[in-house]
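The first chain written gets the first letter, and so on, giving A, B, C, D, E and F; residue counts start at 1 in each chain.
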Amino acid sequence: MTTVTRPSGRAVDALRTIRITRDYTKHAEGSVLIECGDTKVICTASIEERVPGFLKGKGQGWMTAEYGMLPRSTHSRMDREAAKGKQSGRTQEIQRLIGRSLRAAFDLEAFGERTLQLDCDVIQADGGTRTASITGAMVAAYDAFSKLKARGAIETIPVKHFVAAISVGVYKGVPVLDLDYVEDSDCDTDMNVIMTDAGSFVEVQGTAEGAAFDRVAMNRLLDLAEGGIRDLVKLQKQALGL
Amino acid sequence: MTTVTRPSGRAVDALRTIRITRDYTKHAEGSVLIECGDTKVICTASIEERVPGFLKGKGQGWMTAEYGMLPRSTHSRMDREAAKGKQSGRTQEIQRLIGRSLRAAFDLEAFGERTLQLDCDVIQADGGTRTASITGAMVAAYDAFSKLKARGAIETIPVKHFVAAISVGVYKGVPVLDLDYVEDSDCDTDMNVIMTDAGSFVEVQGTAEGAAFDRVAMNRLLDLAEGGIRDLVKLQKQALGL
Amino acid sequence: MTTVTRPSGRAVDALRTIRITRDYTKHAEGSVLIECGDTKVICTASIEERVPGFLKGKGQGWMTAEYGMLPRSTHSRMDREAAKGKQSGRTQEIQRLIGRSLRAAFDLEAFGERTLQLDCDVIQADGGTRTASITGAMVAAYDAFSKLKARGAIETIPVKHFVAAISVGVYKGVPVLDLDYVEDSDCDTDMNVIMTDAGSFVEVQGTAEGAAFDRVAMNRLLDLAEGGIRDLVKLQKQALGL
Amino acid sequence: MTTVTRPSGRAVDALRTIRITRDYTKHAEGSVLIECGDTKVICTASIEERVPGFLKGKGQGWMTAEYGMLPRSTHSRMDREAAKGKQSGRTQEIQRLIGRSLRAAFDLEAFGERTLQLDCDVIQADGGTRTASITGAMVAAYDAFSKLKARGAIETIPVKHFVAAISVGVYKGVPVLDLDYVEDSDCDTDMNVIMTDAGSFVEVQGTAEGAAFDRVAMNRLLDLAEGGIRDLVKLQKQALGL
Amino acid sequence: MTTVTRPSGRAVDALRTIRITRDYTKHAEGSVLIECGDTKVICTASIEERVPGFLKGKGQGWMTAEYGMLPRSTHSRMDREAAKGKQSGRTQEIQRLIGRSLRAAFDLEAFGERTLQLDCDVIQADGGTRTASITGAMVAAYDAFSKLKARGAIETIPVKHFVAAISVGVYKGVPVLDLDYVEDSDCDTDMNVIMTDAGSFVEVQGTAEGAAFDRVAMNRLLDLAEGGIRDLVKLQKQALGL
Amino acid sequence: MTTVTRPSGRAVDALRTIRITRDYTKHAEGSVLIECGDTKVICTASIEERVPGFLKGKGQGWMTAEYGMLPRSTHSRMDREAAKGKQSGRTQEIQRLIGRSLRAAFDLEAFGERTLQLDCDVIQADGGTRTASITGAMVAAYDAFSKLKARGAIETIPVKHFVAAISVGVYKGVPVLDLDYVEDSDCDTDMNVIMTDAGSFVEVQGTAEGAAFDRVAMNRLLDLAEGGIRDLVKLQKQALGL
């Protein structure tokens, strides 16, 4: 395996330090602060006793997600999307990805006509905000369903499998795990991988920002992601005391 | 002086516990977490090397503010303003108020053609988010100007006077200081007062949500606010090590 | 009491000439042209047989207000808000203020599930458009309720007390009543006061646009407002033949 | 010629009473209140020392128009376009028509790189608001150019010919001039005709809202319009003292 | 009759080559490609089993239209309206015209509570896109109603009369039929005429873009339109095999 | 290799019939109709002599894409995005994907300060519209650069490699190539793959809509895609006569 000196000093297959804090704010049914190195995202899960129109009367639930960044979560200040009057294409892409990933983790038919609304808000960004959001939202959603179970509304937590997400990329020609902002800005390929605790894929989104990448690199990236996801799921379960 | 048992158990003239944490996030020139009881607001101050069109070429600076609430900072989830595509009238009112208050604190002609952009984002709401935003933004702005001074761009911090803000209200017929959410929901009059460290008024905004209030109540409310502001300014200066 | 020569030549405690014309246009249930010096506002009150969603089935009514300025009501032409596709923060602030003030004047539980929609449209602006709007809307609303009573829909006009509004300010260091545009552009403090005919406060909104103002000025401003409101309520009642 | 009893009692070829009041508001360069029966429109003309991007540097001027209705200018209250965040298709159609008609009246190359901005705001509607707007805007524009001439910016008023507008329609099978709201609501065909004082057409817009109309009706409608326009131009010139 | 050499080489009263292709796309109930010279428009008619709110429960149907241009249907690329977030005034004017014209052709009370939604999308523009849209939409609507009849939902096709549309104009002083883009760009007057197969007018919209036009020209333009419409209706019926 | 009976009757590794028609419309520098079975997309490439703000003065070019669907390109009519006033998240995702893919195919530094604007408009949809768009846009872009070369503005066509796109998916447990709408609606996993003619990856976007998929399935899907892309590139080059 080729190697490279990463700006972070990490090994090619090393995650950043991950910290998951539950009950971070007091109102939401699930509220998690996830820190992946310097990336910090508040993930809340809110239970609402209604479903979107297209599901009314079908006896099943729904999960959906929204994503935002505080204007100065980034190096230079970004315009506030609420002030501009629209969410960017990037924001919409990310929140659709979070929603799909979480819907893959839970059994939508097992918690009644309710919506679990996930909100992922980036407080501080240093690369990997969308993958941190998914990993954190998994824990927040689990907590919200626990509350629902505790108050007798459901009998079991409708989890099908845990999902977590991580980025991998080709940095100076070498596949590496969990890119931070400096690495991300200078890499050729960036791939976000979302997997279950059983090692199956939920989503793969890879983009060659510089040179196109070959099948060998693809395989190495998927290997790295598999390892990272395994560790993240462990951390999720630890945080939840499972 | 009449009295009343407040839900919080506080004396009529007692502030909630205030905590001011500087350098809360790493990218902004000034970044403060202010906690007023369970109300938590991240206030960042960003320096931008440009001014709005109406000030171009006039050799002076500008300060402006934006305000937002995370969707689940509140008891029930609020719609995300970025997703709705517009800021509510309430949001606009608040951010205009924050901007005016902070412009009263600093000498706009003393820091060149720069804009100090304040962002106040509520992480958790329990009443008094707009006043907490102003009190916290004062500290964030001071820090941002300190950085500007440290890098030699200005010679002195262009502060004219410190400003802080607090709410007062008539709760069950009795004027009280610093309403939390429970008190605020059940009070007749709510007044936000912004004052300088010299005891002068920058803004007064009082609304009789229930019964109109007389001149005696008005005077008592202003007295309470004066006391609260004095304490808040002390805490701001302590936090800044002044 | 200090004094000052006002551009208008008025005494510090003198209102401009006020004229209230009822039935100004023919379709609305209440329609008033209010003229305060050169400020002219058309205030209409429309009765609609429905309430907003949050009040449905509660057996009570609602009052709300919208505010606008004709593009050339001002010295230089302003952009038309309908063409820009959004109401400014200022517009929203003002229409929220008008709505709150009028809701304080009437008993919302005494006119059934109806909405009284107020529209205040400035034809010509010369300072004090928001206070003129409130003072005029009070008369238009009263007229609309009279029509409702005349057609037997309610038994009494659900007025709790009359409200009127006036601005006061510190002009060249001296507190004065009822600022016109020239004075307003050149004053340090501007305060809008909305009071009932019983002399109680409904709203107070004071802003130090220049120097912050002390408690003594505050007291003098409130005295001036009290006098002005007393006269305005007299004029409202005269216009209504009460 | 067939005849019909009109709700208004007017002869088939009779205009409503027209009143043109100049200098109706004080800020605009031209400001006219035009009353056509119960239809009342404020038409202002504002001179701005700039042209749209596509004309920059070409040495010629521009004229454009905006149109609005006060929410309660109509029988039932209409939603305020500024609050809805967009102008209706009808509004846009009308303001484009006003703009085109007025640009036909003046020589755009004869008043420098300036924009004459027309605003037509309906205070009270009783049919024919768009034609009243054009007829009134002609006078307001003339006044604005007179001011420009008075201050020496142009040497002559750049009028090519006077334009005026009127509606005609087929009411209960009979062609009539100048429909009011009651007639308009119950007619088969409605046609707006804009002509010059020389009797040439600037615009013709006819719509069969009920039965399609034949060439004979078309010819009679154009005859009626010709007569109405002749009278309107006389009134415009009288109002201007020409 | 005066004559002129048209850029297209056509006689003053000659239409361009018209081609009507039915079943152009496979999903819509009616789908027509209409080609008028180089102008190409896809017209689809979709049947929806619902009516707008204002018609609910009235037992009648509705027809409405939308219009769009592909960004590069024109000589220079136009901005995409979906990306700009609003339809231009021109687009709204055109789609309102198409809707009115088609509603004149069919009996809205004879096809139940259904909406016939017309979509006219310009693939390639060379003048006359709005008239081509109407002429093509007539055929698409007829086809959609045929399908409705075929599946037994209605007994007869609710057509009152065929409508078709054509432009006429004054080109270099001479009235001509069916302007293409080059002629349209250089003509003084442009008039769109929509007529029934019985030779009655549904809409007439004439604009003097250059010099105003007199009654003689008006009459000649209407004559030309009448002839063109007669030919277009023949082509519509041929295409439908009627 | 497992097999499955596809609704289309195709072999698991068979593309639909592909047809590429160049010069489909007359105004655009490149204009292609691509048909993949019943999916039909018009792809135009427009050259504009300007670059976005962030590239001004850098001496390089830009390529960007927009995507749309005609309202009745789909089985049931979709709302028109221009009428709704915003592009959906799906639309934005797709047009961002097209833009990135095409920027990977050409050397942005080799055609001066110009923008190549791609427009992909779906006329008829039957699955795979985004991949058809990319494959067709490649040809349209090539044609546009050929025109630029023909008029002497560039010396060589700045192509780095050809890119094409195809979807693969797991249908009834079996990986298959090039899903049509019926297959897509009933599959567990859908992956879009964009590759170069050298067999390297530009983008991979896989989503498990039903069951998560394992590494074996992933590998088989990538194999299928590789084969499909090879054929598509051949067709692109044939169409271009290369």
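The rule is short, and it goes like this: a residue touches a chain if its C-beta (ideal position, glycine included) is under 8 Å from a C-beta of that chain, and two chains touch if they have at least 3 such contacts.
Just so it is clear, the structure is predicted and the values come from calculations on it, not from any experiment.
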Chain D reached from chain C - shortest hop count over touching chains: 1
Angle (degrees, nearest 5) of the CA superposition of chain B onto chain E: 180
Computed distance of Cα centres, chain F from chain E, in Å: 33
Separation of mean Cα positions, chain F and chain C [Å, integer]: 59
Separation of mean Cα positions, chain E and chain D [Å, integer]: 28
Shared-contact residues (touching 2 or more other chains) in chain D: 85-86
Cyclic ordering of chains (reference chain C, direction chain D): C, D, E, F, A, B
Of all residues in chain B, those that touch chain A in their complex: 25-28, 31, 38, 40, 42, 44, 46, 48, 66, 68, 70-75, 77, 80-83, 85-87, 91, 117, 119, 121, 123-125
Chain D to chain E touching residues, read off their complex: 86, 89-90, 92-93, 95-96, 100, 104, 161, 191, 195-196, 198-208, 211-215, 218, 222, 226
